[in-house]
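Two complexes are shown next, each including chain A; its partner changes from chain B in the first to chain C in the second.
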Partner chain A sequence: MKPIILQGHERSLTQIVFNSEGDLLFSASKDSVVNAWFTSNGERLGTFGGIKGDGGHNGSVWTVAVDSQSRFLITGAADNCMKLWDISTGKCLFTWEFLTAVKRVQWNEDDDTILSITEQRSGQPSIIRIFKINRDEPSAQTTTPITTMTLSGSKATVALWSPLSEYILTGHESGKVAKYDVKSGEEVNYIDDAHSGEITDIQSSPDGTYFITSSKDKTARIFDSETLQEMKVYTTETPLNSACIAPLRPYVILGGGQDAMSVTTTSQRAGKFESRFWHKLFEEEVGRVKGHFGPINTLAVHPQGKAYASGAEDGFVRVHWFDEGYFRSRPFGDLEPEVEV
Partner chain B sequence: MASVKPNTNWAEDDIEADELPPTTETTDANGVTTIVSWKLDEQDRKVKVTRRVRRRVQTAIVSHTVAERKGWAKFGLDKGKASGPDRKTTIIGENLHFRVAPVSKAEPEATDPVAAKPSGGKAVVCRLCQGGHFTAKCPYKEQLAVIDNMNTDGADEEEEAAAAASGLAPKGAGSAGGKYVPPGQRAGGGAGESMFRSRDDLPTLRITSLSVDAEEDDVRDLFSKFGRIARVSVVRDRETRQSKGLAFVSFEEKKSGEEAIKVMNGRGYDSLILNVAWSQPRGERT
Partner chain C sequence: MSELEQIDGFSEEDQLDLQAELQEGFAEIEEKYAVDTQQGFENVLVIDNIPVIDEAKKQKLVDRLRQLFAKAGAAIEEENISMPWDDKAATNKGFIFLTYPDAPQAENALRLLDGAAFGKNTLYVNRFGDIERYANLPVGEGELPTGWREKSYVEKDHLRSWLGDSAGRDQYVTFRDQDVSVWWNGRNGVSEPVKIDGKPLKNSKWGELYLQWSPLGTYLSSLHRVGVALWSGPKLDGPIGVNVLRFTHPGVRLIQFSPCENYLVTWSEEPLDNFENHPNAALRETFGPEDEGNQYVIWDVKAQRVLRTFPADKPVQGEDGPQQMAWPAFKWSPDDAYVARCNVGVGIAVYELPGMGLLDKKSIKIDGVQNFEWCPMSEKDFVARKTGKGKEGSFVFWTPEAPNQPARVSIMSIPSRNILRAKNLFNVTDCKFYWQNQGDFLCVKVDRHARKAKSKKATFCNLELFRVREKDYPVEVIEFKDYVPQFAWEPQGNRFAIVSSNDPNYGQGIPGVVVKYNIDFYQLDQKKGDFIAIKHLDGKIANTLVWSPRGRHIALATIGSSQKFDVEFWDLDFVVDERRETSEPGANVTMLASGEHYGITDIAWDPSGRYLATSASSWRQTPEPGFCVWDFKGQQLVHQPQDRFKQFLWRPRPPTLLSKDQIKKVRKELKEYSRSFDEDDAAEENRGSAEKLAQRQRDISEWNAWRSRNNKKLDDERAKSGKEKKVVKQDVETEEKVEEIVEELLDETEEVVVG
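The block that comes next holds the complex of A and B.
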């Protein structure tokens, strides 16, 4: 497995996402630029922002989301702006402005609605807003959300659309996982002690029926999207920053490491900057991939399960295309079902 | 402004002389392409860069939307750049060995380089459990500290101060007499971590009279029983990619390398007798 190392950022990565065919990868970082990459050869297609006066972000970009047709990109940043971009040209089409930073954005399944989470800061509560996106006239968007959910308790850090886009699944700073109705804005279900630390990432399974959360409490957990019932727990020794579920094979990929402030005092060899593969069903670790020299901040897996990418505090993105051996692997031998390739 | 014909303008002549020759590409009979490109370095000197690559066409069937996107023009900071990866933003990393197999949980403790490192010169004795490690690293710190506090109720002021001083002082201060000791040279501090580890850092074995049919994975299988392997490389002919019967295996620990020499040197492998020895760093080789 030869990783492709993408060095297009000057500061640490915040989120990376593949598009639905897996041929493009979008990376957001604290240096206020979003990059688009071809995953097959690591070529950079272009940058969103980065040139003065072209409508780019003016602060750390916290989040990025791509629609299923790879036409539009949504980004949210610390400059209190959320932006809509045309992917083929890299032009900014529309900008929403809020009172606080935008921490998470995501498209729904129909590509016509987005969710955004704004940070809780300077007296402002954390708010989840749902916006309708006008796809026919992309530069004429509405600034009035169709639903606004003001969170009174712990702020939401991450969120995900549930299958059929009727609900939003959120992860909170307190470790709470909750489910909100998109139409009414009501909280319909929640687990207060899903995690004992801040939830850092939430990613859905290929079919959306379950999702994985990673947390600072050193565990990643899988929950049922319908009932929020906890299904699996993966316990590690380091705080986790990201987790994703590999399609095709029964593995989950976890990434983390200690806080950025304690990185300089830790040896790279202590093995905390590795992406770690865990068996999804047996909850056992089955492999590690090293390479980064900072904690991994974000992980993304190819939608068809052929590759995965990791973005770290060191400013690099590494794209790994799996070898033949990965697809045939059966780490627990006879306990596992036959592999059909 | 005086209008001057371009050819007679001495200033432009000068610029033209500084212009870099165009990049040339030639492909020889073996299918190896030589790319000669020119660039200016920091001191504005011309630098010739020669790259020899073998191009192989890989065909992949993709959906039409993916194929369409391949033809998109670049934008943003990459606007106007030619197609193909830019070596400034994209590099191909070293081959990683990734095998999906259960990871044993005891392993990380055993291979912790800090714990395994012998303390430099000064004998280290833990003040809590009398073990051979620093007090701060004592595994029984929490339990013993509680007991300690119970025994000496209202701890001795003097002892406390002494402990604090020795804890704060650089660890190598005992021998250096209060002089500043860089972290890398302090006893037990370990060498500073560089972003990319030099290859010579790792204990590396040189394996000669190896079968030319042995691939990297075969060599890895052969040596992996002695310890964790950081990298394996089989030396190959540049043009034909045929193995030269020589390989290098870098272990993460010296101990595993020693063991491997003991066992593997002189062993038969694929009808040849292996010759396994420590690899000499580039400079010391004769």
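The block that comes next holds the complex of A and C.
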């Protein structure tokens, strides 16, 4: 499994996503640009932003989301802006401006609505906004959200659409996991102590009926999207920054490492900057992939389960295509759950 | 009637009368002249502990005693001193009688003379009457001495039950945060908690300070702020005073068992107070006023009482400030018969057990003595000692150079105090003693400095190897140009390993620099009788040598480095080619495997030599606390990183009870035995994996049920909302061919054409 190393960012990665076919990878970085890559060979397709006056972001890009048709890209950044891009041309189509940084964006499954989370800062509360996207006239978007959820308690750090786009599932700084009704904006369900540390990532299963959260408390957990019931716990020895669920094979992939601040004080070994593969059902670690020399900030898995990619504090993205052995190996003998795609 | 018969000329009647009369008269006389031991000797004293002398010195002794008595204010005439004499030995009996003119004078003398010092002896004075009275005290009747408390007998749980494990597993203790757990170390790293009545062994009291096993594994000792507790028996718990022994010593920090577990030394940072009026009865009863200010306490473990207390060492001023406290301060002879303490520069005090009195009442005066170490005893020595044929115990000590006198290392026998062997040494900075664990060999590692060097910092080393079992203790010297920080004998063997370093960075403590070491193995050449190097390993980073307790295997570890955490497993008898073995002694020294335990701070073999545990304790600086268990082949079986992990302790085992012949028999029939063990192993494996399998199957069926429930719900909802089921796009073409044209510029030359 020789990795393809994507060298195109000058600063650490914040989020990476595959498009729905898995042939493109979008990477957001603190160097204020988003890159698009061909996953098959690591060639760069293009860059969103980066040139003065082209409408790019003017601060760390925190989040990126691609629609299922690979037409539009949504990005959120530290310059308090959220932008809509045309993927084929690389042009910025629309910009929303807020009072604080945009930490997370996400398309719903129908590609017509997005969510955004803004940071809690200088007196501003953390707000989740839902926007309708005009796909026919992409440069004429509305700046009025259809729903606004102002969070009074612990701020939300990550969020996800539920399968039928009726709810939003959020992970919070306090370790709370909650479920909000999109129409009413009300919190309909929550678990206060889902994690004992900040939730750093939330990613859905292929069908959306369950999701995985990663946390600074060194664990990753799987929850039922419907009931928020905790299904599985994966306990590691380092703070986790990202987690995803691999299709086809019964694995979850976890990544992390200690805080970027303390990295310099310990050796590379201490950091454990490895992607860890855990058996989804048996909660046992089955393998690790080394390579990064900084904490892994973000993980993404190919929608068809053929590859996965990791983006790290070291500024590199590593794309790993799974080889034959990955699909054939049966580390627990004949015990295999039903295949999910 | 004999008297009567002698009286002739009386009638029979008269005779009877006379007899009655006489008997009456005798009784009268007897009563009148009866000697009352309680009275009549009030003026007589007995003085004990008088030096034993022969005839020639008798007069001198009497004169000297009279001088002493006169000086004390209890003068006595010579004819009133009576000295019982042992004719057989031609000496006095060690005590004298003093007869004073009257009782008040005697009382006065008793008060003045009791406890007086006469030369080295302390005189003990008693009333003559008291001796009679106490000697005739009725036994088994009357009042018991004060302080006696009635205790009902409680059966002690078996102290060595853990050795009866059918699988022969060893136990270990892990200490994490505040929790202590006891485990069975099963085959292939499958550990299971030690259970009592189906519940894992737990004790919330164990986690206060730290834990230590006694040397034979009988007791688990836990340190508390108020003292030490020893836990024994299958439950490591039980009635106090029976299976739980408590030793009160406030502020105790360090403890040490004697090798046979009979005695315990405790050391506290706080000197003992005067506990006379202390509210805690245990403290009041344990320590007396004479113990005030002392920091060491020597205990009898089984009797749970103080044998003696000692003050702390006087701080020794070294070249670079006060030296660190030497621990253990008290060193035990291997048979628990003596305990000795080195008074640096002055001598060695050897105390006899269990009285804790100085051997021959005086310490051994050795000018300049720096350190000493007892010679261990082999199983054979113990047997010989029992039958009375064994040789004396001994220890080795060294004295540094003094004007016109070389440094010297000597072996002294105890109790006879004979110097068995001495050797002079030159340019010595320090000496370290390494006894082979059977007492066959002694290595004195002599750290030396250059002859005219200003600083006495050691820069190179000599190994002085004493062959203790041979006549006159032949010595062989191996000189090194480098410094040798580590030396280790193979247990039960005749090989040793050393770590040396010629790296200029050694000892500089530069952070981030990995110091290189050389490791050498030596072996006793049986024919020539000297030690030869058999293997040299160059440029290693390992700095710690740990022999398996059974010999043959050795682990080389890198401990205390911030970058390297290697553990290497070596086998010294790994037969690759039998022909080579005979021609080349080092041919079988083979590395079996190497591994890494990130953050390692401690390393220990299990008592059987089958497994090795490496641990990273949060007490030291480690980036990842936890422990690993490896087998002797170097395969990692367990890797358990645990936050706030503190201690990993194998439970030691006492020496085997099998005789040599029995061991031989077992060796011979090993195949028979191993067959049954193989069967057990297989059964165990099946059982373990069956359990796991069942658990996993449960996991899968639960998951699948949950998934299908959820899928159905989702489908229903989709149908209700009229949304299409999202189909994940699958690539139609199975393989996408990506053609890549690579242009490679092989050579580029620029030619300038001059027209």
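Please note the rule applied: the second predicted complex is superposed on the first by the 331 of 341 C-alpha atoms of A that agree within 3 Å, B and C clash if a C-alpha of one lies under 4 Å from a C-alpha of the other, contacts with A are read in each partner's own complex, and residues count from 1 in each chain.
Everything below uses one rule, namely that a contact is a pair of C-beta atoms (placed from the backbone, for glycine too) under 8 Å apart; a residue touches a chain by one contact, two chains touch by 3 or more.
Since the structure is predicted, the reported quantities are computational estimates derived from the model, not experimental observations.
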item	value
First, second, both or neither for A:226, with chain B first and chain C second	second
Which of chain B and chain C A:40 touches, first, second, both or neither	both
Touching partner for A:97 - first (chain B), second (chain C), both, neither	neither
First, second, both or neither for A:164, with chain B first and chain C second	second
Chain B versus chain C as contact partner of A:5, first or second or both or neither	first
First (chain B), second (chain C), both or neither touched by A:277	first
Which superposed partner A:332 touches (first chain B, second chain C, both, neither)	both
Residue contacts on chain A - larger count, chain B or chain C	B
Partner chain in contact with A:192 - chain B first, chain C second, else both or neither	neither
Common interface positions of chain A, toward chain B and toward chain C	21, 40-41, 267, 269-270, 332
Footprint of chain C on chain A - complex, ascending	20-21, 40-41, 109-110, 163-164, 206-210, 224, 226, 231, 237, 247, 266-267, 269-270, 281-282, 303-304, 332, 335-338, 340-341
Chain C - residues contacting chain A, complex	562-563, 565, 598-599, 623-624, 641, 693, 696-697, 699-700, 703-704, 706-707, 710-711, 713-714, 717-718, 721, 723, 726, 728-731, 736, 738, 740
Of chain B, residues touching chain A in the complex	60, 62-63, 65-66, 69-70, 72, 74-79, 83-86, 88-103, 105, 108, 112-114, 190, 193, 195, 197, 252
Touch list for chain A against partner chain B, complex	1-8, 21, 23-24, 33, 37-38, 40-51, 54, 69-70, 88-91, 251, 267-271, 277, 284-291, 293, 318, 320, 323, 325-326, 329, 331-332
